[in-house]
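One structure is given here, and the rest of the page talks about it.
Chain lettering (A, B, C and D) follows the sequence in which the chains are written, and residue indices restart at 1 in each chain.
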């Protein structure tokens, strides 16, 4: 794979945006390997993502930013550019359940998930061996009713020290304090074990079992202050029937959870997820 | 297809039920073409469904009932036996939207849905031509705020006159009065245009659009007094993304609605759906 | 919905194509409502589709073509532009099986399929009433072993007379002569009742049953001289198990066939399907 | 979970089988927790699976076998009974690709896959660390063109020494000699990385890419002498489009492969898969 730059843009929709951006890129000989556009006609917002071969451009990221800034200002763009050679730094947070961690760590180890994982934080020690076998530091930060403030202060310190771009709650099972949700807005990814908005909150599979649904699901979303209500990145389901107990649903749901979280994280790492209000545009 | 009898049983679970029933059938030479069993270990209830070749038994339904009654009493069974040659009588109720009606009427016309449709009732006249082209009587019963009591009295009279076993709300879009829900318990099938329990009530696709979900769905369920909360027969979903407007979701959802309703109705007609509490056992 | 022009382009990939096209559109004030791009890095071919609000441009299709031609030549483009107000003309061909026809005719009648259907051609008369109830002329052209040449000459005459853009084989069940395949290349859409390349040719559900597969499917594709080998537009599947007979597979398959054909045709009508070699780019 | 016995039966269909078997079980007070039946009306074969609480029966497996044998003979049954407390012994065979192994080993470690894994055999050493971290012996048996006979003799010896009931080819990528296929008939499970019968043989994703299919899949099947032609246990698919390269298909396919293999193996371990001819009955 050739190194690429990824340029993502969100701005009010108007005539000429694509021309302006593509002219800019063409002027410098930029070789676009993937381009995606979306006009949200309801909210009149425009979204755009380009992958450009880095070696086709005559400059690096800093010069790109300098050259592009006037255009961005003219069109009132929220934008960013990233370099595929600068891997995102992802802190994983987990609890006792292993399935998402096993899945993510293997995808990372095999190179499928292109990121660095400087650190895993957990409120339990169950997964320490697994994490360390992958060569990743594991920090145990117990969270109890009586130490929440200290625990989350320590977690915040660890995330900052790790210079993380992204935090993944891989079945972390704890509620993140509002201040952290706000500080790392659109940077914390959670997997909720239901097809939201059905069965938000605790024990969703047991809620699903009680209701007698015929499909169960999982939802990957950005964490916001309101529990299980953040922008949805991806969802999926699996069919169940009367033979499944709540325990069977937990088992079947694990496969959906890990698949949906891995997909959502991969898209996030590739800058394919643009957030607008409480919704996402996913250029996958 | 050989004519069959279908025997369905629900009773408290205990040792020997299958032996008792299968002995009974074997004693009379009954040729079982399909058998399904389910023990719900949580509520200790047993469910069973047999299809038996009618010509393998030495008697008809009445004699069957007489001979089987003592066993049913001994095991405290809720049970019924039906004859595949006696087609169920289904009254369809619709409003303005055609997709479910086109689908059901064609499945009926082609013989896929083995039932009689003595009558279609609608609060609008939009689908009268469609229904009558299929050779089925169409009755227009307008429901307004000021005539609800009379309208539903008339509807009840029509259903009874038609000797209907089953009523299908094929996007009828009106709330059925509690008295009718109770009178025809487990006989009224509705299609709700969301993946329940998400987005119960009005305009579910618009709710789904606002929430930014990545899958939309439909739910086929028995109607109970509490809106959109009855026992679920089947559900399905279709994937959506940021490109779909609420109108697109309505369009995509139509295909899910008609498929889920047709499946649910077919299973109901074949006595494959056993209700226990607010949940269903579906032997499909 | 505002009227739109749809511009589709396929050309050898090189730097500057998007800039050139988007400049052209921006120069004339073109308001792009949807844009899709694809670079096939393996074959170095570029594909592009734009929807532009017609009322944002200062000219009609002819002037557009004149103004755009030099650019198209410069970049060696295969291209076309269409007007959403000029509905495509679709001739449907069918045989005895009704399910795809019922589905397509209803989607057309309800406005979901934006096309004109000047004519239905069939080698049997079974569906004449259905077609004529929709107000569409039905022509019976029997095809027998001893009259194939004459029959297909008549069919060709009818298609041409109807000024059809597109021919849909809605379970037509006859092999189209090579000369017609070539004459209407990428204009004849077929639904094959298997998940190609599995089970090409006759009786695919029976082949699937014999093989004991656990999923059956359907494939919508452009017709080419080689049977069931043309460019695939869409495919889908449904799960089966040991309980399904070949007849059950036929029944379950019908729902997949009609859904896949309707999707494929809708994308074709919206100029979302670009063919390159024996493969398709589908901007859906 | 209470210990259970699982009784599976396949025999020519006739009246009275269920009665005979359920009488036998009821006579001894057997508490049936799950029962499945299937009559294949085409080949006139009957299939049956019971799970019975072990503590409800007055005897163990040997006495069960003695008591049941006369019935089995009378009805010409192929049958077996197994004890959930006697875990099956599974030898995994792998090559260089890790994804199926990571998945299976984690499911085993977490208790989801109830079996013993006495041994992993591989023709490469890449996965040795992974296997040994799980505490399972790893044996490297290189297979080259010039040592096939010796290598497979060694493999056969290892399998026999491990007293394996089941061999799983977890992307082993070598063709098993006919003599071994026959010796371990219905005991060797393979995962093929296509939706069979499409794309049997080598490099199926590249074949799929070339054909331009819109869905790719995986197939879990018992190994027989004829390559990729054995009885299918399960299949699944994932949607692809023009944006996916062959490499993307390989990546996406991995998730389908591991899911389908894990499901197929779990059903096999629970004696849910009955083979008849070249097809399976899967009581899942």
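Annotations
The definition used in the following text is that a contact is a pair of C-beta atoms (placed from the backbone, for glycine too) under 8 Å apart; a residue touches a chain by one contact, two chains touch by 3 or more.
The structure displayed is predicted, hence computed values, not measured ones.
If you compare A-C with C-D, the chain pair joined by more contacting C-beta pairs is C-D.
Averaging C-alpha coordinates per chain and comparing to chain B, the farthest chain turns out to be A. Rounded to whole angstrom, the centroid-to-centroid distance between chain C and chain D, based on C-alpha atoms, equals 41 Å. Here the CA centre of chain A is 37 Å from the CA centre of chain C. Multi-chain contact residues of chain D (touching two or more other chains) are listed as 34, 41, 243. Taken together, the touching pairs cover every possible pairing of the chains.
By the touch criterion stated above, chain C contacts chain B in their complex at residues 34, 98-99, 102, 106, 110, 112, 133, 243, 251, 255, 259.
Listed in rising order, the residues of chain A touching chain B in the complex are 38, 40-42, 47, 195-199, 211-215, 217, 231-237, 241-243, 245, 278-282. Those residues of chain D that touch chain B in the shared complex are 15-16, 18-20, 22-23, 25-27, 29-37, 39, 41, 56.
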